[in-house]
Every structure is written in C-alpha cells, then in structure tokens.
Amino acid sequence: MTVPTAAAAAECRDILTRLGVPASVWSSDGFEARSPIDGSVAGRVAETPDLDVVADRATAAFHQWKRLPAPRRGELVRLLGEELRASKDDLARLVTLEAGKIVSEGLGEVQEMIDICDFAVGLSRQIYGLTIASERPGHHMRETWQPLGPVLVISAFNFPVAVWAWNACLALVCGDPVIWKPSEKTPLTALATQAVLDRAIARFGEAPEGLAQLVIGGREAGEALAADPRIPLVSATGSTRMGRAVAQTVAARLGRSLLELGGNNAMIVTPSADLDMAVRAIAFSAVGTCGQRCTTLRRLLVHESIADALIARLKAAYETLPVGDPRGDGVLIGPLIDEAAGAAFDDALMQAEAEGGEVVVGGTRGAEGPGVYVRPAIVRMPAQTAVVQHETFAPILYVLTWSDFDEAVAMQNAVPQGLSSCVFTDSVREAEAFLSAWGSDCGIANVNIGPSGAEIGGAFGGEKDTGGGRESGSDAWKAYMRRQTQTVNFSRELPLAQGVKFEV
Amino acid sequence: MTVPTAAAAAECRDILTRLGVPASVWSSDGFEARSPIDGSVAGRVAETPDLDVVADRATAAFHQWKRLPAPRRGELVRLLGEELRASKDDLARLVTLEAGKIVSEGLGEVQEMIDICDFAVGLSRQIYGLTIASERPGHHMRETWQPLGPVLVISAFNFPVAVWAWNACLALVCGDPVIWKPSEKTPLTALATQAVLDRAIARFGEAPEGLAQLVIGGREAGEALAADPRIPLVSATGSTRMGRAVAQTVAARLGRSLLELGGNNAMIVTPSADLDMAVRAIAFSAVGTCGQRCTTLRRLLVHESIADALIARLKAAYETLPVGDPRGDGVLIGPLIDEAAGAAFDDALMQAEAEGGEVVVGGTRGAEGPGVYVRPAIVRMPAQTAVVQHETFAPILYVLTWSDFDEAVAMQNAVPQGLSSCVFTDSVREAEAFLSAWGSDCGIANVNIGPSGAEIGGAFGGEKDTGGGRESGSDAWKAYMRRQTQTVNFSRELPLAQGVKFEV
Amino acid sequence: MTVPTAAAAAECRDILTRLGVPASVWSSDGFEARSPIDGSVAGRVAETPDLDVVADRATAAFHQWKRLPAPRRGELVRLLGEELRASKDDLARLVTLEAGKIVSEGLGEVQEMIDICDFAVGLSRQIYGLTIASERPGHHMRETWQPLGPVLVISAFNFPVAVWAWNACLALVCGDPVIWKPSEKTPLTALATQAVLDRAIARFGEAPEGLAQLVIGGREAGEALAADPRIPLVSATGSTRMGRAVAQTVAARLGRSLLELGGNNAMIVTPSADLDMAVRAIAFSAVGTCGQRCTTLRRLLVHESIADALIARLKAAYETLPVGDPRGDGVLIGPLIDEAAGAAFDDALMQAEAEGGEVVVGGTRGAEGPGVYVRPAIVRMPAQTAVVQHETFAPILYVLTWSDFDEAVAMQNAVPQGLSSCVFTDSVREAEAFLSAWGSDCGIANVNIGPSGAEIGGAFGGEKDTGGGRESGSDAWKAYMRRQTQTVNFSRELPLAQGVKFEV
Amino acid sequence: MTVPTAAAAAECRDILTRLGVPASVWSSDGFEARSPIDGSVAGRVAETPDLDVVADRATAAFHQWKRLPAPRRGELVRLLGEELRASKDDLARLVTLEAGKIVSEGLGEVQEMIDICDFAVGLSRQIYGLTIASERPGHHMRETWQPLGPVLVISAFNFPVAVWAWNACLALVCGDPVIWKPSEKTPLTALATQAVLDRAIARFGEAPEGLAQLVIGGREAGEALAADPRIPLVSATGSTRMGRAVAQTVAARLGRSLLELGGNNAMIVTPSADLDMAVRAIAFSAVGTCGQRCTTLRRLLVHESIADALIARLKAAYETLPVGDPRGDGVLIGPLIDEAAGAAFDDALMQAEAEGGEVVVGGTRGAEGPGVYVRPAIVRMPAQTAVVQHETFAPILYVLTWSDFDEAVAMQNAVPQGLSSCVFTDSVREAEAFLSAWGSDCGIANVNIGPSGAEIGGAFGGEKDTGGGRESGSDAWKAYMRRQTQTVNFSRELPLAQGVKFEV
C-alpha cells in the first residue's frame, strides 16, 4: 500500500503543540518516543523523578476529592468528555502515529474514552449501595460505597489511551485520584491525554492538585508504585508475566489488584454459521491492530465439515489484506510495535511448524519498512501444542478442527488464558450451551461476534491467567471503592444478632 | 463461678457419637483435640493424607455440580438448614466445649449457620446478573454469573463453624465444591459439622462425591492447597500474618483470595451517647468470647468530658464479670483458647504499661483452671502506642480520650487494621459524619451498636490489613462466581463497537 | 378412562377434617362447594358477614406487623413452607377435587406455594433499597421500601391456592396483612390453606390477629373491598372484564391495582423447530388443566412448510388423550369447572366454524359425566377472526400458518391480550428477534418452552388487556411496598438542589 | 420591591424569537399566553387540531424508535443536554416570565432538565434487566425491559419545563415517543422547549417524525389522549381532582398511569433542631415559588417548647420578605399565577380563621400589581382542621404544636396527601424513627432539609392522594418500559416447572 511520506515524528510534534503539550516536555532526555510507522523519533520524555512525591500528592488530593459530592466529581468527567470530543481527531491521530493503529481504530479508541465519560457521568448520580432489611427492631442497615484512595493505572502500548480512560473516569467519579504510568512505548499519547484532561480540570475549577498525575517510567517505576501502601488499588494491563509480579507485590501489602493480562482468544465455527459474517469477523479480529489486541483472535476452531471451505475463503481474504502505513487510505494492517514483536512473530511461526503446523498464508515480513510490517499468518495446527497455548502478540491465527460441539468447547477452554471467546452459529442449542455454566470459561463470550471490540457498557476482563480483573461497565466501578456495611440502632434496646444473650 | 465438673472431653465424645461421627475418626494419632475449658483431650484426629486427591475430587465434583440448576443446589442447602436446626443444641455445645464460648454464643453461632442457609436458599433462585443495553442494532448483551470451581475455606478457632457456613452455603449454591481446612485447634466441631452436612447430602440424593471435603491439617496443608491451581478461590480467615502469606501464594498463580484477617476495632463515645447502652455494648463487645473475636472491641475512644464517668461504670461492671466454665449458668467469660493466648495477654499488658498505660481493672489470671482463665482488662493509654496498633487476641480494652469529633475519627482510622468500628451518639451530625466518605475507614461501621455481632444480611469484612474480603450477605456471593459478559448478534450485520470500520 | 368411584365430596370432607377445618365451617348455608369431577357437593360455606370489620382488623394488624423486622416476618413464611410441605399431599388432592386438576398438577401447584415460601424467606433479609450519591455536600440519600398496608387478594378458581401464595408470601414478608377473597367456586381449598397457615401462625407466636383473613363472598364482596381506602393494594386475578371493573374502582380512590387478567397465548413454530418437543409442549400447554390456565396455549402459528405434518402429529396425539376423573392413573384431562364453561366451549367452536374454521380433532362432549368432560379441539383457522381474538376458557387450539417470520411475530401480537408467548426454533436469529424490542409484546416470552408453567423466580404477568401486573419473582415484591426517597443533611449548610439560591 | 418596567410580554417575544419559535405559532387565536408578572399577553397559541393524528404519528414513530439501540437513543438526549446548556438563560427567563418564578428558580428548573439529561444518557447504556437462575437444567432465564410505546405527559404550570424533561428524557432513552400537553397557562415555555429539542433532533439526524409532539389544549385534550389505547402510559402532574379523573379514564382501558398530584407537606421541628437552619429552610420551602410547588411546606409541626421562639423568628423573617417582579434583584416572592389563585389564598385564610386559626403574619394582597401579589401568611391553628387537610396552592403556612414525637409523626401522616415530609432534629433516634416503617408515610422524607427541592437522582413522587407515581431517578424509568420474563430452553428435554409431569 502507499505509505504517506510525511515522517510520523513531525506529525506527532505538530499535534502535541496543537494540544498544548509544551516542547520542553518531549524534548527531554528520557524515554525515546518512536513511531512504529517509520521508526522516526518524535521526542524524548524524561522519567518522573520522585515517586514518593507523586504518592504523597495523590494522598493529599484524595482527602479533598472524596469530600466533593459524586455528581460534582462527575461534572469533571463530563467536561473531560467535551474536551475529548473537541480533540478527538488529534488524539486519535496520535494513537495512529505512536501505536501504529489504522485511522478508524484510532478514532474508535478515542470514542471509547468518550463513551466511558458518558457512562461515568451517569454513574456519578448512582454509586448505588443497598438498604438492607435488619433482623433487629429499631435498626436500619445499609451498604455504602466509599471512595478508596489513589489508583495506580499501568497501561500497555496497544490501547495507549482508552484503558486509562476506563480506569480514570470510574476512579474520578468514585472519589479516587489517579496515577497513570503508561507504557514507555507510548508516552506522547499519554502526555496529550493529560493535556486534554488539564483543560477539563481548568474549566472545572475545584480539582485538588495531584488529582491526576502522569508518571513516565519503566518497569521499576511500576513496581515501586505497586509496592506503595498509599495506593490501595493497582490496575494493571499487560502481559501475564508482568501481572503476576504486580499481583504478588500488591498482595504482600494486602492491597487490591485489578489485572487485565494476556488473552488467547478462540472462535468456534459451527456448520450453521453464516460464513460470510464469520470470514469478516475473523479477519477483523485476527489481524486488526496487527494482532496486538489482548482480544485478538488467535485460535480458530472449525467444524471439520466446513474447515476447508472456510480456510480457502480466509486465505483469499488474507492474500489481499492491505498492509502499510496506517495513515494510508484503505490500509487495514499497520506495523508491529517494534522489532522485538517482529522477532516474536518469526519465532512463533518457526515453532508452530516444528510442532506440526502448516502455514496456509502469510507469515513473511513486508518491505513497507523502516517500520516492522508483516503479513498476517494462518497456520493449520494438528493440536493445541505449546505455541498455541502461548500468546504471541502478533497476527498469527492457528486453525484447528473438531467434530463434536462439546469437544470444541473443551478445546476453547484448554489454554491457560481466559479473556475472550466466541462462537459463530445460528443454533440456539449451541449458542446457549456456549454461554452456559458448562460453556466458555472466559470473561467475555460472544455469539456471532468476534472476540474483539467490546462495548463499554459491559464489564471487561477475563479469568485464569488473564488475571480476573474487570473494568468499564456493569458494576466494575465497585473495584474502585470501599464497601461499608452500616447499621444504625435507633431504639433504646441493644438486641444482639442471632439472638445472642449477653447481659452484664 | 461454679465450674461444671464433668470433663469437657467426655461430653465432646458423647456429642460426636450422637451426631454420628465414628470414634475411629477422633481416636486417631494426629492433631490433639483439647478443650480449653479444662485442657482435657477429647480425641486425636489424623491429618488428611493426600491433598492432591482432594483437589482432584473437588474438580471432578465441580464438573457435575455446576450443571445442576442453582435452585436445585439450593435445595441441598435448605436440607442442611433443616439438619442444623435438628442438631443445633449438640453442635452449639461442641462449640462451647472446643472453642470455649459461653452457651448463648455457641447457640448464636449455629443460628448464624442456619440464617445463612435461609439466605442462600433464597439466593439460589436469584444469582442475578444483568441484561444490558447494547449500542449495536440486533445485539443483546447480558452479564451472567457462572460457577467458579472448588473453593478452599481456611477457618479459625474462634468461629469454628459459622465461617465455614458463610462460605460453604454461598459456594454450594453458586455451583462450587468446598474444601474445608478448619483450625487445628477445633477439629471436632468440623467433624461434627461435616456429619450434619453428610445427612443433608444423603437426603438430597444427587450430590457428586467430593462436593464438600474436610481436610485436617496444619499450616502446610493450607499453604499447599492455596498454591493449587485447581482451586480458583481461597477464602481464609485468621491472622494478618497468615493472610499475607496466603495472598502472595495465591497471587503467584493469579488465583483469587477472600481474606478476613485481623481487626483492631474501636468505639467512639460522644457526649450525647446513651451511657447505659454504651456500657452494655462495651462489655459485650470487649469481653465476649473472651476477647477472641475478630470484631472484639479493642479501643475505646471517649470524649474527655465523659471519660471518667464512663470508665468508672465500666470498672464496676468489669469487677463483677462472671468468669469460668462457659457451660456454667450465668458465666459470660470462658477461657482463652490456650496458654499461648494467655501469654500474649500478659505480654500485651506489660507492654502497655511500659508505653505509659494504666490498668484500670483486670489483667490478672484466674484460678478457674486448668484452662487459661483471665480477668478482662481495661487500660487507659496516653496515645495509640505500638501495643494499641497491634491486635492481641485477648480481652484487653485500651481507653483513650479526645476533645474534637474529627480527632476521634482520625484516631479510629489511625491503625493498620480496618475491620469494624462504631460510634455511640444521638447526634445525626456525628453519626452520619462517621458513616460518610470522611468517616470510618472500616468495612463495618455501626451507630449505637458495638463493633461485634454482625447480621448475615450485610457483607462482612474489612479493609487495609484486614484483607479486603467480604463474606455472607449483600452480593458477597459474587466472589464465588465467574462473571461473564455475553453479547449475541442476531442481526445479519457485523457492526463494530465505537463505530470502528474494518471492511475486508 | 376409568373414573374412581368414590364421590369427590366425601374425599373432600375427609381431607378438610384431617387438615383441621371444622365441619361447622363447611356445613353452613352459603356458597355451594361442588366438585367438577362428579358434581357432588362437599359442603356449603357461609359468606363473610362484615367486610368493614375485616378491613379494620387488617389495619390494626398492619400497625403491629410493620414494626416486626422483615427477617422475623420471614420466619412466619418459613414456617408456612414447613407446614405446606407437611400437608402437601392433602392440599394438592383438594385442588384436584375442587378445581378438577390432575394429580400431578395439583401437586405442582402446592409445590409452587412451597417455592415461593423459600423465595420470600430469602427476600426477607434483602428488601433492598438503594443508597444514592447526593449532589449536595454533607448529605446522604437513600431509597427505602416501607410496608404498604393491607393487601386484598382476589383469586380465581383455576389456581385456587398458588396465586394466593404468590401474593401472601411477598405481602407478609413486606410487612402487609393479607385479605383473601378466593373464587366462590373453590372455597374449600381456601379454607384448607388458611388452616395450614394458622398452624404456622400458632408456631410463630407473635402474629397480630387479623394478619391473614379469608373472606368468603361473591363479586359484590370483591367490589366492596376494592373500593375500601384502607386497602392500598388490590391484587386481582381473573377475567379482563372483572379486572377492568376493579381497576376503575381502585383508581377512583387513587389506590394501587395489581392485575393478572386474561391471556390469549400463542406459539410460533418455525422450520428449524424440534417437532418432537413441540408436539409435547403444545399438548401440555393446550390441554393441561383442561385449557383453563391463563397461560394456556390458544393459538398455534406454524410455518406453512411444516403445518400439515405438525397438525397430523397433533391430531394423532389428541386422539389418544386420556380424559376423565383427574384422580385416575394416567388421566391428563379432567373436567371443565362447570356447565357454563362447557357451553362456552361449544359456542366458541360453533363461532369458529362460522368464521371459516375447520375442526381437525376433538370438540365434542364426553360421556364421563356427571362432570363436564370435553374432547380438546384443534381448529384450523383462515385468519385471526373474532373468536380467535377472544379468550375462551376451554381446550380449543386455533391453528394458523405464516410464511415469513416477521409476519408470525405480527400475528402473535395482533390480539388484545399480552400474557404469554413462545417460539419453537433452533435459530438464534429467530429466537432473539422474538425476544427483542420488536418481538413478542407479552409479559412472558419463551423459547422452546410452551407458554404455560412459569418458574417462581421470574416476574409473572402480562401487558395490554392482561392488566400489567407482576407477581412472584424478580422485584415484583416492590408492588407490595411504598418507596420512600430519604435525604439526610448532616452538614451545617442548607444547599439547595440544582444550585438554587434563596437566602432570606 | 422595584418592579422592572419592561413589559413581560415583550421580553417573552424576544426570547421566543431568539430560540427560533416562529411568530406565527404564538400569534394565533387560541390560548392566551399571559405573564403573571404584569398580566401582559405575550401571544396566543392555537389548539392542536387533530389528536388522532398525533397518536398515529407517535405510534408510527414508536415502531422506528424502539429499534434504535438505547445508547444511540441516549445520544439524542445528550444533544438535548448540550442545547439546554446553550439556551439555559433564555429558557430560564421564559420560565420566570410565564410562570412567575424568581430568576434563580428559573435557572434551577432548567438545570434540573440538564441534570436529568446527564442521568438519562448514563442510563441509556444500562436499562438493566436481570439474568435469573432457572430451576430447569439447560434453561436460561432473563428479564428484559422493552420499549413501551407513546407516553403522554400532562404537566402543570408551576414546573412548566422540568417535569416534561423528567418524563421525556427517560421515555426517549427507554424507546418511547413523547406527547406533551403542557398547562394551558404556560404554552410559551413549552414551545421554546420544543424548539430546543428540535435543534437536538436536527443534529441527531435519525429521529423519526412524531417522536416528540407538543399538544396545545385544555382539559378535554388531556382527557381525549388519556383515553386513547394507542398511548400505554399517561404521566400526569397536577391536582388530585385531575389525577383521579385521569386514573379512571386510563384504568377503563387497562392502561398505565403515573400520577404526581397534590402534596400537603409538613415539617416537624424538634427541640434539638438547629433553629437557624430551620428558619431558612422553612422560609424557602413555604414561600418559594410563591407557595405554588407541589412540595411547598404547608404544615409546620413544632415542639411546644420551641414554638413561640420559632414563630417569632419566622414572623420577623416574613416581615422583610422581598415580594415583587420576580425579575428584580433580590426578589424572593413573585406573583401568584392568576387571580383564581389569589382568591383561593383569600378564601383559605378566611376559612382558617373561621376554624380557629390566628394569622401571625402576612395574608394580605400587595400593591405590586397588575399581577396578583400577596404577602405569605403564617397561621397558628388549634388543630388540623378542614382547611389544613386541603392543599391551597398559595403561600400559607399552618403552624401546630405537639409534645411527644410519636404524636408529631401521627400529625404528619394525618392528611390525605402523601408527597413530601421532613424533620429538623439532631437526634439519631428521632431522625431514624421518622425514616422508619412507622415514620413518615410520604414518598419523600428528609432530615434537616425542607420538603422542597429534590435531586434528580432519587425517585420523585408520593403516596395516597398524591397518586403513587415516581419520576426522575432510581428505577423510575421502569414505568416507561414493559417488563418481559424470558426463558430459553436449550436442552433436548422439556422439564416442567414445579416438577409437574405431563407425558402425552
């Protein structure tokens, strides 16, 4: 595909300037901000020097912020939504430039930020706890959700802004300051987002200093903050390896973790599936974001009777997939994030072949460089071997077949990860079995939808090695609060629960 | 107080026989079952030999149990409730004999088991998830709560049966098998409870083998099971030290912990408090169960204007507290669980005095032995020194004064633990401030009720070093399940969320 | 089928005696209690003389009952459940004798009473209201559900006891006394149920007099009570004509109605349906209770491609349907309730034929008398003519065909009633379209289940001429309570909502 | 107070023009739009000619609108919120001009519209139903809330725009078209609001014609639409007399009513009350909107020990209340709506005196005319006589005393209306008793807040003669939807609920 000639770096700098991020911030001597599109370096961002100060400022902010009524806190998030709408194109473009997503995906990611703002504003007048029937006369019982304290958000390069928004919008409405440590691969979108938020804060007028802080740093910064007892909640998105380390660090101080780790997502295709829809859904979810979504489709489990036909159609579709500069018109596949990702792609394909796999299509590097451009691969596998059990963050789709629906469900569940899953079928029996207690073991289960692309209204997250956290919709906000069971005795008696008698 | 002369051990054996626990089980060569009342040994219970088999059987049971409809699973819990009603006196007596609780408290503990059965039966026809408005035409979204898998319950000596019931009743209804590792200090009540459950299981007729297993063992057994990836949830009650270890072990495998650890519970008494009620509430919650509840009142924070009067009344009340064999009529204070607890009592008092404390009343050992009987102590402290920050599992009440209500709340919150808290006041302003976002930081906050003695309808648990878990009422059941966000596309289109376009 | 020879009347009297209903009550001179099985008269029950006293006693009971904690009120319902379990066979037999249901249906009806008891007991520790985020600092807001007052339950002959239980169990737990006016056709089951409840009340010990009263009377009694302002809620089950009258009476005094009126329930059968299952579901739901359920299947909407085959199978099944004394082994169809019902059956068939219908099978009277026994009819109709729009309380199934699924849904919705509906299909698209905003317009919508036989866990009721009421599960209990929005200002300021300023 | 000299009529016309309401609409020959400030006539608005067309268009709109996803429908409401923010000053001014409210109240009313927009937008991604545990294997049960159909909103002059917004925002998000019949006294604010909505609709782009219609008409128009079976829900705000008529009309066709009728709201003041706050709260809630709110404070129930002091302070405050043109700086009391209201004010005072009342302050007409300006009155009453039982829509505050708190609560409850109520106290016992099952019988119960000025987050409405409806927050949205209980059988069996057996 045609690659736009403008260096990505220059475009980045223009946008940052337009969004009000001063050049001093990105002309520093810390982390290199490099565009995966062409490897050009847009700037260097200095590491945050003193994390102790960060935690202290967040704590101080908490004591003010928690006293503001939640609907008032929601007003800040509403203003953030307005600012995001106003800066949508710029911020989306930055996502494209720094994470390599195609334009539509960049816009979609910012839209997701906007959506969660709307959701959080509504939530700010709810934060529903319960009133509960008490067994004691003259008593009333209720459950109230209280602000929790500073929340650390560790986000990954592949959703450089949306994941922050999922966390930050809920946290802010819930009464919690936010400390954000973005991926060191995407510092610019983080800076830009912070600038947008700062505009909302300025309009809002009564946010305490330190309410929303950005920490530029690497793994050590994340670990140091994760260990800090002043931060009751650590919400971390990334690899299972990272998550396991964070989980233990936080557990050692009896803190709370919200983990969104690796996925290894499958689609089951049954004979009654609408294959036109399936082909489109597979293509989007297997190659979108160049296979670098945590919800990317990695395993295709096809009924044996339709496997050859489906694979033939996929092969044809893959052969014409437009790879290239994600800014280009019609491009659907941008670059991998870096050369390490390219190497992982190569290695996984080699391992797959060693384990009996047969590459049906793709699997090679492209000439679109200097970024790392690959041809998405489809690999038929004889079984769910070691490489299939492992999440390689690149566009490789393993295809396996089955003959019995229960077997297909068992295959779907037979990996360590538990994020997203789906079935393509028009059978009520198959669809509902997939959604039943003996169906998919994942946090997300779709019917006639790929594993990727969740709405913000549902809770997002997965089980097993995916880490068990839930973000975004439903009552995911409860993770950002402290539950308090409250009982008030307004009688002149002191009855004990369970009828216990104890008279001094 | 008069001590009934019958050896506690003999009475234990009679009850076990009556409840159908064969002598072979408690005439083994493992853990010694010793009554704290008189130190007599009722039996010896062998350690469970093979924990791998236990986990395997639980896993197998899970695959059957999760397929039964929840209301059907609820029927087993209903039958358990019937059996508990039938065996209430015996089981309560065993609690008295093995844990040293007074008769009324033993009965209350079994009543709590019965209450949670009733609650769980109702829940079994709810297990409410959500249907959620989808942003895509021809889509429907819902959130379903699925069975999770085997649940490990680690319980402590001080609630030898109720905590199991809180966990087991919810787990069973939610579709999860239960593995119970009771305290090695209370194996007999565990055996008896298991026998009662077995009767319910027999009547029920279709419970899979391995649905509810009892593991006799020490800390190593607990750690080994906590590390087992076949057990997705570990619910552990005990010391903060234990909880911290369990939390890290479980985190290392990305499992889920539900922790109920130490408390260091305070009561604030304000000038408008009803002192008659306060005195009674303090006495019950500070000396009940001989100060060995996780919700025991340990810190009394009194307004300076009423401190002397209140302390004088408490001193008078404490001086006549009836200590002795908990089976005795009118006895309110039984023995400590063992000599280590007695030593901790002595040590804490010594430390308190070294830190400037003044013992107002109590603090000595009693002659009621051979069990460890002490006189509950009240100690005026100049500040919340080290000993006050620490939970000593014995009846010591530290008294401190304050002059400003905000100061009192700050004192309440200035300890590492966060379980239970309360205020005695008739002021709406004080009461609601205590219950507000800037009030108590505990999981439980009461007004004109002591910190102890929760109803099963509310969620039970606490924050900070208490571990963050919630059991019993409200939606605590969700911890025993897996949340699944489900979206079904029943249209002929494939719209993407957030308006993303990706057309192959 | 063989008809048991024992006169139904004698058996009734035996059971009443066994259940403790004194003969004086049913040997009076009021309403004749006649068994539809053989027309034998089991007794005569006197009309309740003074409805003013009834309302007064209920009001007095309310003021005591509402002060009992809800979990304590739940204990009465738990005891009722125990008593119903103990008297299940007797009460079910009485349902068979007085309403003419087959044995299994009688047992099922009592089981439904038991199920709702379990549900209500669980509810008694919930009665969840909300705590809600307030926009004003130092304010807390909550929504509490308060007891409402006496509830009048008007029930119909076809569910002579379950409908009372649905209402009474919720009402009692919610804090409301109950006044029950059963159908004048089934006074004996009402008396027996009241006797069972009285046993529970006696065991409970603290129910106020007048908590649950039985009113024997006709339409005038119902109307008089419905007009009484001391009764805030009237829950009425019966015909649309009756419901319309009650609704207006209650509206005139601004009271609350809960109406469960007529149904005209359809099943759509699509080409992908499992016809074996469909045939069985149709038979049960069209002829069960001799077509006298409000959820009886009355309209069968079959895709034209399978209509002939399905009708042929139904015809065969209908030809061997065992009609007769419902006490008989294997009997599936008992008598109609009385001769008026028989006449309505005859008339409807005549009208159907006049409107172009063709009777496929059945439609005649049987010789099993002296009760009114008929042969369930299937009638092919050219269109949904007047007779098809009308609910005839008898076993007549109208069959119509369609070619397009949207047309089928439109046919389903094109009647005035809106109770229950269903589709038999294995297509996800059809099933979910049926359940969507543009699908069935009924209160109940099933997939691969007949329209009849709801579980108590869901809310039961329908739209349009069915009256809009909901009973039983979900949050149907809210109809029995008064919602109160409560806001407490614990600050020293008086901020107004919406930022209004008004400073005197 | 100074009365701005500009004729209200001229200002109205300027604003209408600015908001885009064409002069042709308000220069017609129908209802006279007269400003209560000075009686000037701003325009004449023609009656809507054909109500049948209105209902038809709403029905057609419904079939399109219900198919749009709820979050998409929410987008229209979000745009409405934006437009309201942009036109806030103009619309608020029109409220002042046409309803006579002071400026701050006008702004507050529009703010309330904006708040409910935010709330409804959040709701649009929720519309939560339930998934429910089914008792049958291979079944799944859920409760879905479906769009209901066109909603008729009848609003009153005193909240000429907010009440429409409460209803319309929820209805639109829930999938329902809206037909609005405003008070014939305030047609201009209705036209202006419709113009604002039209701008949002134009930006939205895909709203069906007829989605939101305005009907100008009198009582007959309201009655005709209330009787129309195409309109499943009638939400009516106004007098109890009007509500009773609507309720019966709607009941006759088994439709659904949501009634917000008269209030007769009381405040209890106890000895522990903060009298500074009480005085301010009383003044605002008794004289705000010139006593023409449904939540206006009408009855002051004071403990005898503080009555004289409190009345003296109130008298002093009342004597300096600034009455006059509501546009004037510092004015707190504008005109009554019309001369009929003035006459009712005079009559009530006369009746009160005849019934033993003593006018403490106020009660006279002012010279501010040509509008109807009165001096708010305080009247000490010996008992709750006939006039006290009746809602007079004017600023008259009846004062009564009590000696025992239970007596005060009984007095509060002893009127036919049940809208709003409050207590001023700092006693936990009194406050919580007031909020208990034996406390206030109203839909709204406040502590240390006047009866007036609810937040949109709670449900708004009252019991008894107030009509029982609930609008705005909490789950009030359910009134605008149709509940559907859905069960899907995905097994190969046909188990019946309650274990019924019926095998053909």
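Order as written gives the chain letters A, B, C and D; numbering starts at 1 within each chain.
The rule is short, and it goes like this: a contact is a pair of C-beta atoms (placed from the backbone, for glycine too) under 8 Å apart; a residue touches a chain by one contact, two chains touch by 3 or more.
By chain, with names taken from UniProt: A, B, C, D = aldehyde dehydrogenase (NAD(+)).
None of the values given here were measured: they were computed from a predicted structure.
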Shared interface partners, meaning chains that touch chain A and chain B: C, D
Chain copies touching (chain B, chain D) - same or different residues, decided at half shared: same
Gap in Å, rounded to a whole number, between the CA centres of chain D and chain B: 48
Centre-to-centre distance between chain D and chain C (centres being mean Cα positions), rounded to whole Å: 36
Centre distance in Å when chain A and chain D are each reduced to the mean of their C-alpha atoms: 43
Overlap residues in chain A, where contacts from two or more other chains coincide: 67, 71, 115, 124-126, 130, 132-136, 139-140, 143-144, 428-429, 431, 435, 447-448, 455-457, 473, 488, 490, 492
Footprint of chain A on chain D - complex, ascending: 71, 74, 78, 115, 118-126, 138, 140, 428-429, 431-433, 435-436, 455-457, 473, 488, 490-492
Touch list for chain D against partner chain C, complex: 63, 66-67, 102, 104-105, 107-109, 111-112, 115, 130, 132-136, 139, 141, 143-144, 146-147, 175, 232, 240, 243-244, 247-248, 250-252, 254, 256-257, 259, 261, 274, 277, 279-281, 283-284, 288, 317, 321, 332, 431, 435-438, 440-449, 453-460, 463-465, 467-468, 470, 473-474, 482-490, 492, 494, 496-504
Touching residues on chain C, where the partner in the complex is chain A: 67-72, 124-137, 139-140, 142-145, 425-429, 431, 447-448
